[in-house]
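Letters A, B, C and D mark the chains as written, and numbering starts fresh at 1 in each.
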């Protein structure tokens, strides 16, 4: 994550701001405000702004005139109750804004979450940086042989080398040609006065899907948790999971009670279907239950047994 | 807007908070933070929290690492450009949270704006206050005779008196019966030990639509402006317009440049249809144009002439 | 649910339509199309239009050129997989439109579901019908003594009679006064030529919250299921549950495979938290587990034990 | 737009369906149902399903029991009124579903419109086709010299040839390498038994942004019009405009009255700001107005003068 001197200076200057406010503040989150938290090889997540804290969830649930909070333990209990019973609206009363640098193919998964505000760096208007995601060797995984949508073992030896070389070379070459077609260097200077230069909005199409883009992304806590429940999950693609895990840590700083409830009820939990619930009841009664007698497909049964650690 | 002592104390205590923050702050908005700004006879609007300022719009539009702002004049120019060309996403980067007390029939119009977060006081769970909206004499309007969805002259004399008496009596009587059915006083004490008391979720149905409710309502600046463009408009019902006007003033404190652009491009503007544009061109060329020759309906033509001050 | 002759004639005429279409059709749903399915004392649910069927879910999941379906059993298996793993987007490819008549206090709960399209009958523009929801005796429940947001036993004897009398009288009287203030009969004729009549948008505020309104409500299958999972649930207020149950039946006709998966994975299931999952594992291993040793609150523990039928 | 035989057969078979329905149908739209309408070099738009017609807008606006329509002329008048006064909800009662094949960089612009349902072909799960967008010579535009976000003249001669060669070669080479890394041919057969093959979710990142993807995209008429007002506009990038224009034609078949109102009030209209409105009034009064005396920036003034044809 190579920030330029100018970028670092801008961040430092933002971090030096000190204002007085009547709003609620969260010192643990203020500590990392504006900082670029590294993700993947060139990416980052930066918390730019936030609204609310654990108490704001309680305040909204109680529609109170002041802070509306009672003892910390009671507040945490209410937050757990709201999370457990899917009373989601009080969590929407907290809002957070990130600045994220991420590869385009990750951005394409991310944007599918519609309940968020987004401002992306415009490649119609500006020239993209020469930065591409190249997986670290331990993330260069083979196609899974059991799951069409998953990864298997890590590639090794000659195959791994060849793959890395292709990814690097193709990204670089295509970027070189992007610059050539633009007829403009990254610093904005013209390369060949005899040429017109292809429109930026067209030239960008020559770039590879691992090129980095960046955006401001803002959402409320409920929708952020929903995003994280899907994207920090083991089934999510590693690259977006890497971002989710960093963001999950920011929620721990920001709203520790809500984070704990989320980890208990969403991330670490397991949803039993009606059939699975029936099977568990029978197992607890000492019966031997099979996929067949539970009326479940082999795959579903395996998922259940795995969750129950059997 | 009679706040109880406890409510006022909660508000005062919130206003006394002083925290240090690295986030952007808006002193003009901090001045009125938490204050109950009166609307109608018992309602209010309170700004509870906010995120961002004019510069945050610019920062998002530029996807910058720091504040991203240039000179104030350049920033205002960019904000005007974004507003004019309906580049709405940068305005979504500012967020505001209100606490609002409002009559139920106003709440029913308000809630139709879906892109917002809402936590309403629950009459399934709690007992509503004995407060109803009774129009001031100057707002007791007759049905419009030209617009099925509008108001005409103000009612006067005996008719006005009778209407006010009916509104007051019915609201009070129905509230008395609400309390009787609940078998519970507003302070929570039981009225008649020999009775069970009707469930709150049922008893509330006896209340009139002018009873006051309250909610936390949070939205982003783009959606707030959209709300205000419809609800601060002359065609909106007076009662919701009263709220919109107070909120419009809060945006003036919060994001003065965006507010100015909004007033110029949305509130004070007029959208010409293709036919109207053609008519204006012809008029500018000195032609005499009529509804017929413009291909417009009489109603549309009147609207255009009125906008052009003819 | 007293439909007028005109209304019934309009419905009958719509039902007589026969058109040829290349779109997919669902005969079991066509059977009840436009019919008013009664709910509560004066309400109804009518299916007005629909788009897609079970196969459309499969088609979208496969992004296929044609129907994209394989054997019925394979399709049902894929639908179960999508439901289980919360791949929600293919369910959004089915859409349904209802016409609903419902009391205002139910409408206020309903509208909180934002991802839907709504057109409500306008009481600014038109005069509402003289129809109110009065609970049947078996639904006249006392306030729950254990749950602040629930119902206890059914009211009986004198208290029940008194409550019913109050609800009926207040609704009728307030409606009488509504008409008087409007100075206009339900048929539109003027009552007293010497009066102006209060604006409709104001007069409506005298009505009680159990007055019936109506709307067109359109949503996609994913959001409909989400609505039903909350509103057909045992914790929902009876009155909105009554609507949800009728709508649930319409989904059974419309998309039987998706309906079955929904009943198994959502309605009949139970979400184990991380702690509950751990407790179940220990119980399956023969351990005796208590709320304390599971680290769960008494209330949470009771909910778990109840789900496990212990 | 080269459909395979199988794809064409699937489409033909879908088109041969004939079902009887009680729902409203639109014969002019049924005519083209399922057909692949070509866009760009390999893309298409296909209408897959629809709900409602012009009369459904009227029906929802009137919340009627039957069709709710009166004379065609009255209905069209009401639709114009709704469009003019931005009463948008009745337009949401019509829904349409498309199957679209489009380059990834166009998909990235398109997806920014959030109020729609989307199912995209998954390159985590499947192998993408060897198809890339290569601009036709007349669309190979230079960067605009006056608008940082626009196109200037068409490239010619050697520069054009070079650009086209680069675009073609890079896309092909990167696709070749994609296949090599996957170690799997497009027909699914393994290339080299001694290799594992890179995971699909990783290999795809080597593709260029002009590779074609496809999705099912479903939205309501109001949001479709909003999309078209931005994307069929002259300021939109040509490539997405090409799709918008084809979709605009489908709305003309589907809802001719709404389409006409949309063309008049949105596509062909011009929004006057408060300042512009004032300037027009003064010009109509015979005054000579300048940018300065109107209080407008030179750019804004040029835009106004251009709209007024001066």
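In this text, a residue touches a chain if its C-beta (ideal position, glycine included) is under 8 Å from a C-beta of that chain, and two chains touch if they have at least 3 such contacts.
Every value quoted in this text rests on a predicted model; they were computed, and no experiment measured them.
Q: Can you list every chain that touches chain A and also touches chain D?
A: Looking at chain D and chain A together, the chains touching each of them are B, C.
Q: Of the pairs B-C and A-C, which shows more C-beta pairs in contact?
A: If we tally the C-beta pairs in contact for B-C and A-C, the bigger total goes to B-C.
Q: Averaged over CA atoms, how far is the centre of chain A from the centre of chain C? Could you give it in whole Å?
A: About 34 Å separates the centre of chain A from that of chain C.
Q: Distance from the CA centroid of chain B to that of chain C, rounded to the nearest Å?
A: 28
Q: On chain C, where are the residues touching two or more other chains?
A: Only 89, 112, 118, 122 qualify.
Q: In the complex formed with chain A, which residues of chain B make contact?
A: 3, 6-7, 9-11, 13-15, 17-25, 30, 33-34, 49-52, 56, 59-61, 63-67, 89-90, 92-93, 95, 97, 99, 117-122, 214-216, 218, 220
Q: So in the complex, the part of chain A that touches chain C is made up of which residues?
A: These residues of chain A touch chain C: 77, 80-81, 84-86, 89, 112, 230, 235, 263-265, 267-277, 280-281, 283-284, 297, 299-300, 303, 307-310.
Q: Would you mind writing out the residues of chain A in touch with chain D in their complex?
A: Chain A reaches chain D through residues 103-105, 107-108, 111-112, 114-115, 118, 122, 124-125, 133, 135, 140-144, 148-153, 155, 159, 163, 166-167, 170-171, 173-174, 177, 180-182, 184, 195-202, 204-210, 237.
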